[in-house]
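In what comes next, chain A is part of two complexes: it sits with chain B in the first one and with chain C in the second one.
This part shows the complex of A and B:
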């Protein structure tokens, strides 16, 4: 277990290094510099000349070779300094600190919602196969998988404004520790939108797993022993059906985080996803690479935790 | 348009055309009066007006001073008509005569939603009133430095928090159809000779109560330091061999030095040559007085919004990048509304939630009453806005001359575009009527890149053009004449056997501009047999492509530069040595005329020079203009003085006016 953990952690370091390098080079490949892209934010253009753009690029060090700049960035990053935003001059680390709680909350809320809705519904759908709850669950599954969350988000914002006269994108979004109720008011809708796809995936997986296991010999044996149906489902079916679902959950988490980027943007949640979108528009190297590294770190650590949790769920699993 | 019933929602009152004209005249006199009283700050408006008139009298160099006088004269002769107009037209209404006229959609929109009707809004006479929050969809500035490389982007904010020596007056009575200069920090100014400008500062101006200024008095020296920083980067980095160049610097090339006298509270600009453009350029919303504590210490501290400290009407309290910004009333603000005599600002607070490009979220905010204004892209947006908020007040504005679709060439010295016949042919092959109708539902004007409001028009109440030129006024090469275009191409060596082909870069974002550019390419193919292969450019960099000349042969763009004076669009864009000449235009006559107009202080003579430039450019077609779509601004019916002219196409350029906005709830 210890050796496995060390190897995986070393893998995390390599992944993050490669991720930062690729992100840095990709941003570098964007057409136009930060100065040029900032021009697109205003119609004025007054007084902007090539000389001023070049000066701005020089001040930001963008006239140096990318590898040299990446080296500097990496050296500072390992010492805990992710640099400053090119556009706002704010510390990237500080920007992330301010925004990360909202992003984490959104993703966790979406995960919890997906988990606690999808698993029971998936089980119910399998146990009541061929009945109305099953059909309803399957219709939801297809819709959840088919509708991309950016589109769903726009629909929700537009129709809630039309029907309920509520502008979801301008609800106050204080931190959860500042105002629990107001925070949830602002977070529920985006979390639901974000969770839709994951919910559908988990529901589908859970249903198929239960359907498969429910016909296993040991389930038949359990029933033959006289156990109640509830006990059979919960103790024998559900637990054994859960490992593949958990694997899917871990894999889907990365999609959840990437989905959060666009959902934050639509619902105006000031998380790192929305900042990432804005920073990409501005070719803001430090912000983009810093946020990418943080998100990447989150994804690989979650995957590691999921892998480690297998042994807890199924004691037969051993790490070599 | 008729089948869409645009007008049926609108209540109609019918008055004579004479009444309408008198309304315009009254608006003209109002505007002129505002300019005259703008330099005063006491409660006695008549006294202030007289005093200000006296102070402003020597200011004959301000390009539109004469226009104000013309407007005033005309208005006085139509006093009878003005009196008759006790009942006035509301936005959306036409007189019976106008209803009976055969108007083009363009003319009808302009008449129905003319700015002069904003003065008649219900509830207007109740106010102004204090209190409330003005909420608008507004992207927070990426960087708040009013002296930095992107200071021009601060035009959207700077006048809310900072002050300037002069501003352009804007409210429901004074849309900036022509330029006036109103004192801001300046109580008045004198021009003792053509190379000297002396500003008398208002008394009792205090910096906002934020560190490190902490509400101290503003001095004439502060103003000198700030304007030195604007005009010359060496003041920002005195020890540097390579000091920065501010984006404002090009407006102050004629300034030799600036002197101050704290005891008399005056600032003197000494010029090397007459500068007809100077006062107008100083009204640019990002030419503001920054705190000397930052300028002399480290001006890059101004990058941080927390260091936004000025003498403006609002104090910036909160910024969350990508989310929102908030500001509150400056309790020590020095200005009063010259029209009402009341202390400014009216609103308690400003709030700018950021929707970036999330138009659906912005619409949801409009529908639910969160935001007070919305920019309407076309007639369909107009319908949606009115449907969602029936009290929507609409204003149709002339499009800004500095921001309109056109095509420019990479190199005017290289084939095929070195041949004037090719350029002329391309213009003749454009069917601008088809562009207007097909893309903009008729709500567009023939495009051209000079500011029409500086050109004489004797039929206008204020003597200058109110609306853009028609295609017929823009010369023979702006007409649609494909046969002549083919002849010119043939003469230049391009025909069916040897068709003209070139690469035309355009941006890829779906919308009216892309549709327009694609239509033009199609028109050239259909009408002239020209193959323009379009090369796609992403939205984020296509403005920079123009500035850095990063395209292969031709570029469809829309940015010229929102300039505050005719100089910016003539010298600034056409003179060989101007860094803003992105087009490679170099023509001795044009160069000379551009220099001449800079120093010509007589308004009529300057207008004549500008006319020569206009004619010469249109003969040469160095840039080919398509059509320029009008903009429709929508605001809630309870909001006043929130106007949208070409100076204020986005909330940015209207930031100057924020202090006068009020709500009647």
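This part shows the complex of A and C:
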């Protein structure tokens, strides 16, 4: 186990290193016009000359070769400094720290909702195959996978909010540790919108897994030795069906984050996704690279956790 | 993908030939009504994409389109008009442009991007996956680690960064979606090829002195046609969704004469007060949902027929 963990963590470091390199080079490969974009926002707007742009690039060090700049960036990043935002001159790490809690909460809330609804419905749908809960679950699955989260978000923000007579996109949203209730009021709707497609994916997987396992010999044995149906389903069927579901969750996590970016944008949640959209518009390279690396780290770590949890769910699995 | 038997599935299962072609199609539709529904919607969309707007070559209109109005024709007396038969079937937007026509025009962009990006993404992914699995060693490891890095990036984030740094347009959007499709595709194909490689007929071919390119072309590629087709059909829905998401963030292939569905929805959100003119959001939203639904259902049916083992692997999830 220890050796396995060390190897996997080394793998994480390698992937994050590659990812930061790819992100940095992508953002820098197309010279574009950071200066023009940023200066166009300022008061002097129209009077941008070549000279101003060159001075600007020099100040930010953008006139040096990309590889050299990546070297500097990496050296600073390893020591915990992701540079400063081009637009606001704030520390990127600080910007992320301020916004990360809301994004984390949104993603975690969505995941928890997805699991808590998808797993029981998926199991029920398979066990009572052909009944109403099964059909309801399957219709939800098909729709949940087809309806884009941005359309669902728009529907919720503009129609559901109207019926409920609340304005979802402008709810004040304090941190969860400042005001638990007020925070949840603002977070429930976006989290539900975000969880829809994950919920559908997990439900589908859970159902097909249970359908497959329920005909296994050991399930028949469990029934034959007189176990209650409840105990057969929970101890024998569910436990064995859960690992592929968890794997899918790991695979889907990057998509969940993509969804979170859009949901934050629609519901105007001040998280790192919304910050990313703004930063991309402004060609704020440091901010974009910093956020991308943090998000990538999250995705890789979640997948590591998923892999490690296999041993906990299925004691037969040992890591060597 | 640990099975070692060949994945070859006779293609006539999918494309029945002979005089009974129509009958077997009807039988297939009866057995998989959802898949058949998807196929019908896809055919309607294809017709709309091709014949909805004028087909012109070098500025010369050859076949006039069936869309009632050009997508950017404004009707100033009918701004934000609710759906009325037969003038403005799906209402008009805040500039008085006909929503139904705009959706028809959007179909072509959606289809071009959906097909082109999926085709190229799967082709390049297959190339990488096959070579990576076949050669193994250091090259394989490098390709896999780079893939890992790309897959740790949320797809939308990757695409947004790329689009912003390049000039927007159909070519850019296709390129960006291809970049995001390649890592996942190459992984699935690599797994399939790895298990194929263990077959004795590959070993036999090598023993009689067949060259690597010959083995790949003659023995491996024909056997991964089924998974490639399955992967392609289940991927198109996701590709169209990705394009729509980019357009929704105003980073897509939208232009005044050729609006994209995602952008039409974006415009609706900019207008606000959607409860007063719900058709602004519902028309593009339902169009996107319906076509993604159709491709998902059709893809599922194709997968069940061609390669049931891919069920639940999340391919295209």
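Quick note on the criterion: the second predicted complex is superposed on the first by the 304 of 320 C-alpha atoms of A that agree within 3 Å, B and C clash if a C-alpha of one lies under 4 Å from a C-alpha of the other, contacts with A are read in each partner's own complex, and residues count from 1 in each chain.
In this text, a contact is a pair of C-beta atoms (placed from the backbone, for glycine too) under 8 Å apart; a residue touches a chain by one contact, two chains touch by 3 or more.
As the structure is a prediction and not an experimental result, all values here were calculated from the model.
Visitor: Once the shared chain is lined up, is A:191 touching chain B (first), chain C (second), both, or neither of them?
Guide: neither
Visitor: For A:233, is the partner it touches chain B (first), chain C (second), both, or none of the two (neither)?
Guide: Neither partner.
Visitor: Applying the touch criterion given at the start, work out whether A:126 contacts chain B, chain C, both or neither, answering first, second, both or neither.
Guide: Touch partners of A:126: none, neither chain B nor chain C.
Visitor: When the two structures are overlaid on chain A, which partner does A:281 contact: first (chain B), second (chain C), both, or neither?
Guide: So A:281 meets both chain B and chain C here.
Visitor: By the touch definition at the top of the document, which applies to A:162: first (chain B), second (chain C), both, or neither?
Guide: A:162 contacts both chain B and chain C.
Visitor: For A:151, using the defined touch cut-off, is the partner it touches chain B, chain C, both, or neither? Pick first, second, both or neither.
Guide: second
Visitor: So in the superposed three-chain picture, is A:268 touching just chain B, just chain C, both, or none of them (first/second/both/neither)?
Guide: first
Visitor: Quick check for you: in the superposed arrangement, does A:295 touch first (chain B), second (chain C), both or neither?
Guide: second
Visitor: Can you pull the chain A residues that chain B and chain C both touch?
Guide: Looking at chain A, the two contact sets intersect at 30, 32, 154, 158, 162, 265-266, 277, 281, 283.
Visitor: Which bits of chain A are touching chain B when the two form their complex?
Guide: 30-33, 35-53, 55-56, 59, 87-90, 95, 98, 154, 157-158, 160-162, 165-170, 173, 265-268, 270, 274-275, 277-278, 281-283
Visitor: Within their complex, state which residues of chain A touch chain C.
Guide: 11, 14-16, 18-19, 22-23, 26-27, 29-30, 32, 142-143, 145-148, 150-151, 154-155, 158-159, 162, 201, 204-205, 208-209, 244, 248, 251-252, 254-255, 257-259, 261-262, 265-266, 276-277, 280-281, 283, 288, 292, 295-296, 299-300
Visitor: Which part of chain B faces chain A closely enough to touch in the complex?
Guide: Interface residues on the chain B side: 139, 142-143, 149-153, 155-156, 244-251, 284, 286, 300, 303-304, 320-323, 353-356, 358, 360-361, 363-365, 367-368, 370-371, 400, 402-403, 537-544, 547-549, 559-563, 568, 579-580, 649-650, 652-653.
Visitor: Considering only the defined contacts, which chain C positions touch chain A in the complex?
Guide: 34, 145-146, 148-158, 160-162, 164-166, 237, 241, 244-245, 248-249, 262, 265, 268-269, 272-275, 278, 281, 285, 288-290, 292-293, 296-297, 311-312, 314, 317
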